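Both of the next two complexes hold chain A, though its partner changes from chain B to chain C.
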Partner chain A sequence: MITEIGNFLLSISASLSLCIFLSLFLKKTISNEVRFLFCKIASHIITFLIFISFVLLSYAFLTDDFSLRYVANNSNVSLENIYKFSAVWGAHEGSILLWVFVLSIWSSCIVLFSSSIPKVIVSDMLSIMGILLLFFLIFILFSSNPFDRIFPIPINGRDLNPLLQDPGLIIHPPMLYIGYVGTSVPFVFAISILLNENIKLEWISWLRKWVISSWMFLTIGISLGSWWAYHELGWGGWWFWDPVENASFMPWLAITALLHSLIVSEKRGIFISWSILLAILTFSLSLLGTFLVRSGILVSVHAFANDPERGMYILIFLSLIIGLSLGLYFIKSRSLIFEKEYTVSSKEFILLLNNLFLTITTFAILLGTLYPLITSSLNLGKISVGAPYFNFIFSALMLPIVFLMSPAIYSTWKKTNYSKLTKKLLTFLFYSIVITYIFMNFYFKSDIFIVYLAMSLAFFTIISSVAKLLLILKNSNNKKIISNIFSIPSSMLSNLLAHIGIGILIIGITLSNYYSIQKEVAMQQNSQILVKDITIKFVDVKNKISKNYTSQVGVFDAYINNDYFISFFPEKRTYNIQKNIMTEAAINSTLLRDIYVALGENLSNDTWVVRIYYKPYIQLLWYGVLLMILGGLFGIFGRNKLEKKLNNDS
Partner chain B sequence: MIRKLSALPILIFLVIVYFLYSGLSKDPTLIPSPLIGKTIPEFTSKTLFDGNTITSKDLLGKSFIINVWGSWCYGCSIEHDYLIDISSKNTIQIYGLNYKDDRSSAIKWLQSKGNPYRRVIFDSSGDIAIDFGVYGAPETFLVNEQGVIIHKHVGPIDQSYYNNVILPNLRK
Partner chain C sequence: MIKITKKSKKRIIRISIFFFAISSFSALLIYAFSKNMVYFYTPSQVIEKEAPLEKFIRVGGMVKKGSVLRSNNNLKISFKIYDLEQQINVMYEGILPDLFAEGQGVVMTGRLINSNTFIADEVLAKHDENYMPPEVADMMKDANGELYKK
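Entry: the complex of A and B
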């Protein structure tokens, strides 16, 4: 029954999406009001229908309905309920359903929150959304249907990939998808602007909130993925430049560039054509990411589905959508080029440089990611560029971007008082170098140049942003600090918070990268090892039996100066059904350092390979990301000045 | 100038699509193995069903396939029908290397799905697989009559494996 209802709901949604798309061609014949009303209601119905089919699939998982092939392949009676639910998006078919579900939610959101945009534009946006929805629905119905049956019906399912049986994985994919798919909003906006050859500045401030939302969800999604890799996979790191990680990082870079170019477009009415191109680029990169993950053309830890046929379908769609968009851009973009004067010291110019560097970074990462494909199609052999390439090129391009953050905060539009700006910035730079020097010399006693450089730039950004914050607080006449904080324009607050976050993030990355201690040793029971000032003693290995796995749990006691301090219980799990072995690292975190103990191979009766990492300041990484997300929240929910002005005017 | 520049994205895009397209027709799991062109590693082990001794020398004489599998492995169940299909053609012998498995479930698995293998080498410790440089199951090696490995396939095989790998080598 579920199969029939599911297919029915998805088919209806597909037909409705087609209708919404076709209404684009009836622009001249039906009235705007009617078309808007139709697109609006149809969009909501689609969202509702896809939601119901999503609920149906979840129901099938929770009730162990193994007559569905997808459920049988990805679940098991002994699986915990929460993982039965997250298994809905645990493999290809379900994750595409999640994709399209999120897409429909975004299109409903466009309907709900677009009162400040003319109905023609909104209807056009919904029509473009319609064709995107249609594609993914057809893709689901014909080649990735989670409602397909299996016969004979197996008694039990094959279980969810143990790698995915983790709390982090319950929310990582949905968050990432919300961000990923959210890039469709600027995209459909850009296309509608090109179709109508008309733009007003207040529409851009409308768009900015959508861009910030999508940016924020991407940030959350990517960092959750990193957090998960660090805490659960036992890989000892949090970023691996894996093709699929890159696939989510490229849209993030592009949308960050878009975020900044939109500020210029909104405030000064220039860079509009460029912003439009960036919006198309960002969504293209999202589609490319989906293609890379789903076609399995690159070897990656994430590539679960290797299916060239599905890949071909996505590739054809991707080429059509992006090709047509770029063609449209080529024809129509000139009408959106406005020129205004600005000088080298202006905010416009600094943001232009920011965009330039971010775009170059995006393409450098794209090149590295596609490199194995390029060399193999040119018959140069299969060469992958690894972390060294990415680390080098990324840090090299990031340094100028970070350096530009402070001038960007203090410069003004059109023209900045040059001597005043340099004086102020040089002071900040001086302080940040002094702080870096003191910190590094007394704490790490190390003289790696690149660390000094990165740390100074990070402090430079933090000091400039905090100083700006204090300056605004001092200048406002209100005496109470709390109400003062709320009196800061939210766009300014969000900008400063995000930049402080970046600074803290960089400190965390740099210190944990350069000063971590890694030991991979064979340890006998009751032997001990000294890591920094901590003695770690290997006490025992115990067996533990859980519902769907058995595990060996190591017991390690840590001592500081012979005083007992904490115990670590790293696990090695063997899942009953797929027989995969999973490592669960044990981590003790404080702001200053993480200690990370993972159990490796069992060499003999009481001897194990043990991996111990000491990572200083790695927690700052997560705090930095939290500040960026907080900045995003202020950007979305804070009312910005322009909007207030508009509301007051009307 | 600006008009020309705005065509640039299209050009870049076309180049990327070309590479993506050509990538689709290639198999990313084709990992060049250092063992290709070398004789198969020597081993002595027991067979799965009867527990008789089997050594690498027993395999030589005709060209053959070694298929690494386990009853726990999902990919193996996908490729199983193709293996049965190949064995029914009687053109080439297939040996199984039962990898990190337990005897009873491996036998049960073959009994329920059919047995394409001439003999199955039982390798519960995975030691032989290490000598073969196995990344994970399933993997399939094509070996010629002198015992030299001429092709290695990672992941489940399908129809094209017989047509594109085995047949051309049989004709040689």
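Entry: the complex of A and C
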């Protein structure tokens, strides 16, 4: 039954999406009101239908309905319920269904929150959404159908990939997808602006919130992935420049650039044409990411079982979308070019540089990710581009971006008082160098130049942002500090929080990268090892039996100055069905450091290979990201001046 | 003489700054790129001396059954990998990935010290018993394109 209902719902949704798209061509014949009403209702119906099919699939998983091939391949009776549910998006078919589901939610959101945009623009946006929905629905129905049957019906399923049986991975894909797919909103906006050859600055401030939302979810999704890799992969890294990571990082960089160029477009009415182009590129990169992950051409932890024909289908769609929208852009964008005067010291110019560097960074990562794929598909040899390339190019390009954050905060539109600006910034720069110097000498007694550079820049950003916050608080009339915080314009608060977050993130990355202590040793039971000031003693290995895996649990006691303070229980799990082995690291975190213990192989009876890491300040990484997300939340939910003014007027 | 207005002068300066930035970053990019390209070789190519010695490369193949030797008290390990025609020795010191096993596909980065010995810095094996790295899958296909299995 589920198969029929599921297919039926998806087919209806596909036909409705087609109708919404076709309504674009009836613009002249039917009235705006009627078309808007149709698009609006049809979009909601599609969302509802896809939601139901999503619920059906979840139901099939929770009730162990192995008559569905997808369920049989990715679940098992002994799987915990929460993982049965997350298995819905644990493999290809289900994750594409999630993609479409999220896309339909975004289009419904456009309907719900676009009262300030003319109906004709919104209808056009929904029509473009329609063609995107149609494509993915056809893709599901014809080549990745999660409702396909299997015969004979197996008694038990093949289990969810154990790698995915982790709390971090329950929400990582949905968050990432919300962000990924969210880039469709600026895309459809850009296309309908090009179709109508008309734009108003209020629309841009409306668009900015959507861009911030998508940016925020991408940030959450990517950082959850990192967090998971750190805890689950068992070698203490959190970013590997894996092509799939890059696939999510490129849209993030592009949308970050878009976020900044939209500020200029909104405030000054320039860079509009560029913003439109960036919106198109961002969505194209999202689609490219989907293609890379789902086509099976990648060598990556994310590349599970894949099918090259599916890749072809996405590739064709990808080329069509990019080709058509860029074509439209080059024909129509001339009408959107406005020029206004601004000087080299203006905020416009600094944001222009920000965009330039972010775009180059995106391009550099794109090159490193695609080049090996292109050479191998053209039989020009099998090449890979190593992490050193990405590390080098990314750090080199991030330095100017981070450096520019402080001038961007203090500069003003059109023209900035140059001497005042430099005086202020030089003071901050001086403080940050002093702080870096004291900190580094006191704590690490090290003289690595690049660390000093990165730390000074991070402190420069943090000090400038905090000083700006204090300045605003001092200048506002209200005496109570709490109400003062709420009186800061939310766009400013969101901007400062996110930039402080970046500063903290950089400190975390730099210190944990350069001053980690890593020990990989063969340890006998009852032997001990000294890491920094901590003595770690290998006590025992115990066997543990769980519902769907058995594991060996190491027991390690840690001492500081002969005083016991904590035990570690790293695990080596063997999953019953797929016979996979998984490493679960044991981590003890404080703000100052993480101690990371993981079990390697069993060499002989009582000797194990053990991995022990001491990572200073790595927690700052997650705190930095949290601040960035908080900044995003203020950006979305805070009301900006323009809206306040509009509300006061009405 | 062509008269240069203030506006067009500004534009010329702007465009030249832009091009300067683009070209210097392209140079940086190409430099970093060419230094970090890592080529992949099969055991046959290694034996036939197609792969350079003492250079950072990637090598992949199937781990030969019964060839894995490891020390009892340190992390040194040696094994053989093979493709359809040839086999080479691999030496490694460190922790192997969870799914490293005899008879499985493996891809490594490291360098060759002679035409049949590879010193691995990093060993990659995937978290799936059915998975074979694409490079290895390619080389294990015979003339008919059928996957070769022992």
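A few comments on the model shown:
Please note the rule applied: the second predicted complex is superposed on the first by the 644 of 650 C-alpha atoms of A that agree within 3 Å, B and C clash if a C-alpha of one lies under 4 Å from a C-alpha of the other, contacts with A are read in each partner's own complex, and residues count from 1 in each chain.
One rule holds for everything that comes next: contacts are C-beta pairs under 8 Å (C-beta built on N, C-alpha and C of every residue); 3 or more make two chains touch, one makes a residue touch a chain.
Predicted, not measured: the structure shown is a model, and the values here were computed from it.
In the superposed model, A:Gln578 lies in contact with both chain B and chain C.
Contacts of A:Gly323 after superposition on the shared chain: chain B is touched, whereas chain C is not.
Within the superposed three-chain model, A:Pro152 lies out of touch with both chain B and chain C [touch as defined at top]. In the superposition on chain A, the residues of chain A contacting both chain B and chain C are 299, 382, 578-579.
Of all the residues in chain B, the ones that touch chain A in their complex are 2-3, 6-7, 9-10, 13-14, 16-26, 28-30, 32, 70, 72, 74, 100, 155. Chain A makes touch with chain C in their complex at residues 161-163, 234-235, 299, 301, 304-305, 356, 360, 364, 367-368, 371, 381-386, 388-389, 392-393, 396-397, 520-522, 572, 578-583, 600-601, 603-604, 607, 609, 611. Interface residues of chain C, counted against chain A in their complex, comprise 18, 21-22, 25, 28-29, 32-33, 35-40, 56, 58, 70-75, 94-96, 98-99, 107, 109, 126-131, 133-135.
Within the complex formed with chain B, the residues of chain A that make contact are 158, 273, 277, 280-281, 284, 288, 291, 295-299, 303, 306, 308, 311-312, 315, 318-319, 322-323, 326-327, 329-330, 333-334, 337, 366, 370, 372-374, 376-377, 382, 578-579.
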